[in-house]
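Here is the structure we will look at.
Every chain is named by a letter (A, B, C and D) in the order it is written, and numbering of its residues begins at 1.
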Amino acid sequence: MYSPTIQKLINLFSKFPTVGPRTASRFVFYLMGKKEKEVNELLAAISSLKRNVKLCSFCFNPFEPFDTAQGKPSGEFCPICSDPRRDKSLLCIISNETDLSAIEKTKKYNGLYFILGGTVSALKKADIEKLRTKELAEKIKTHPEIKEIILAINPTTEGEATALYLERLLKPFTCGEPGRTKKITRLGRGLPIGGELEYADEETLGSALKGRR
Amino acid sequence: MYSPTIQKLINLFSKFPTVGPRTASRFVFYLMGKKEKEVNELLAAISSLKRNVKLCSFCFNPFEPFDTAQGKPSGEFCPICSDPRRDKSLLCIISNETDLSAIEKTKKYNGLYFILGGTVSALKKADIEKLRTKELAEKIKTHPEIKEIILAINPTTEGEATALYLERLLKPFTCGEPGRTKKITRLGRGLPIGGELEYADEETLGSALKGRR
Amino acid sequence: MYSPTIQKLINLFSKFPTVGPRTASRFVFYLMGKKEKEVNELLAAISSLKRNVKLCSFCFNPFEPFDTAQGKPSGEFCPICSDPRRDKSLLCIISNETDLSAIEKTKKYNGLYFILGGTVSALKKADIEKLRTKELAEKIKTHPEIKEIILAINPTTEGEATALYLERLLKPFTCGEPGRTKKITRLGRGLPIGGELEYADEETLGSALKGRR
Amino acid sequence: MYSPTIQKLINLFSKFPTVGPRTASRFVFYLMGKKEKEVNELLAAISSLKRNVKLCSFCFNPFEPFDTAQGKPSGEFCPICSDPRRDKSLLCIISNETDLSAIEKTKKYNGLYFILGGTVSALKKADIEKLRTKELAEKIKTHPEIKEIILAINPTTEGEATALYLERLLKPFTCGEPGRTKKITRLGRGLPIGGELEYADEETLGSALKGRR
């Protein structure tokens, strides 16, 4: 029903996370109503994304190298990985960038991260290969200073499947010679703030009881 | 917390309709993960929007002039306004482009449209001036073939205020000399499909009773 | 898990409309916490229901005969059916008592009612026989003063099936000799207050356009 | 609008937890449609509630004494408190009966309970006096075998206020002579099953990190 240029852009916006065709069409009409200068600002911001931002060589967190003066990116590690005050013995595995932000906001974690790049619904080889599991295994092998690996994966069905896979993958590191063994942990389960016992599932409430203190 | 380039793009996406900072950051990470070719496709689609698409001189519906062969837009009217089979005596005023789509999809309307460009919450002059009320009045004055003006504005509080304003604005046209008088109508109120009498507000149910047939 | 007396009452409350086992158990604990006097008040109110309240012989609306002085119910018709100011030429068919209340609250209807006693999901004979269809046909046959029958049934899937069945049932009355023909109408469809064109289904929006005024 | 008997019963049902006037009226119409036998069954079940069920002298859990053969209740303690296999050194304080059921369903707790009888929104004396705080203090004083008191109160605003009050109330028991000191614990906080890091509040996620294992 829409003209080709509009429909093309609706299709592209529809691929954005959480966006369906209806929202995508609102985005297009929103852009239609913007002045040329504003649209150009958006275009510039999108194109500079790929140019200015790179992924940290250790944790895969997107970051902007500070030395942009020379016109080219410099430095391989993101501010978190480069921070000497961070505890290098702790590695927190999260599925994506927004989870990293969520944990940083708590100000309760001072270790390093590793962004896995997603979760897997079933343990299909093709799905697993999209995750950075090889890079993870490599990193852990070459960083003996890591003593604890925290699987901070969502306690959803997908997240559980992914965490199980990671536990299996990392098993060899948990039974090494004394002093080289790593501990694998998971986030504590329990009632969230505002939660109610009456509506909690049995496993969550059971974990909350077990984790009482 | 995010690097400047990322934050800048998050800010711009946050201005999109229905998008908050959280969703905006997911958009940015989504783009980070796309190949350069795909990002360029999006950039091209956005920049061609302003170039290829224009607003219909009559109804303000965005459309793409067909004669793009010559490299420049041609024609002033959108496919609906140019369609000789459309009934020129009916003008349906809607607040935005998505409402036009919604009505077209019903296939029950064969007249023309006029996109007002929004609704007003209070009848403040500044707000009203953002709507195309002058253009509307002008259009109606210069198109004596229009016999009925349908105010197809959402029956929300904002929409009601806007419809009341329009009724006042268009009043002069409703009491002209015989044959030049225009009728102003509104969409029928009632229970939507799946609605229940028990949960309907009194005005809606009253209208449904009055509009029975 | 609960003791027999508690479980028995939970089971009985669970049959109440909209009540599940969890809510039913809260009802029981609520009653446990009440003083004996309050529980007795509830018991008295429930037992007087069957004794004091009867169904109107015409519309099946529950009502309380006024002449309770004599210790026995008197009068066969509810206040609405007995009211001489009510328009006897209009009959509004609703599926249950709450729908009658909803329409009365609009203060836009001055005719009589007929409570059908439910809706049918499929046109199974057993389901239909639970409705007061025979009583309805009888009433209409014996009340020639009825000129319009309003099917005020929810525009849900079940309600539509029921209305279609009623239309078929009442067909004979719509094509009688002049002066004895009855009109069958339905509530107007449209957007309810607070509704939005963008989210309306096509049939509702189409009806709203058709029913414009 | 309803007749006195109906309105009276609507009013009484409206006081039931989670029930408003609309649902209450549906309850009344539901009862109207029931056969006399069924209504009598409900009346019998409600009246036997007060007669057959009593509150446990220790934990205030409603229970039905087993020796009903003699026509009078016998025994002071509920099945949980009377069960010799239960761990008498653990006392779990919950606000109401449904929370007790929720914990029992997890099958992860083998201690005793104490039903507080509610929560307090603010620490007003009048509100606190409605809770069984005196009974609680008395019980703990006279049961030296209790070693751990688990405050299993909802982590809602009300629940937090109540737990804080209880911690203050029970403080004296936590700093007695060695061997008589009691431990006070709370349920572990964390993400529930199906929860997502991205949408967790900072305190919950911080607790989940701290409680990792």
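Keep this in mind: a contact is a pair of C-beta atoms (placed from the backbone, for glycine too) under 8 Å apart; a residue touches a chain by one contact, two chains touch by 3 or more.
Just so we're clear, the structure is a prediction, and the values are computed from it rather than from any experiment.
Counting every residue number used by either copy at the chain A-chain B contact, over half are found in both chains. When you average the Cα atoms of each chain and compare centres, the chain farthest from chain B turns out to be D.
Separation between the centroids of chain B and chain D, computed from CA atoms only, is 54 Å. Each chain gets a centre from the mean of its Cα atoms; for chain A and chain D, those two points are 40 Å apart. Chain D has residues 22, 98, 105, 198 in contact with two or more other chains. Of all possible chain pairs, the ones that touch are A-B, A-D, B-C, C-D. Those residues of chain C that touch chain D in the complex are listed here as 1-6, 8-9, 12, 16-18, 22-23, 25-32, 36, 39, 41-43, 45-50, 52-53, 55, 62-64, 96-98, 101, 104-105. By the touch rule above, chain D contacts chain A in their complex via residues 94, 98-99, 102-103, 105-109, 150, 152, 154-157, 185-198, 200-213.
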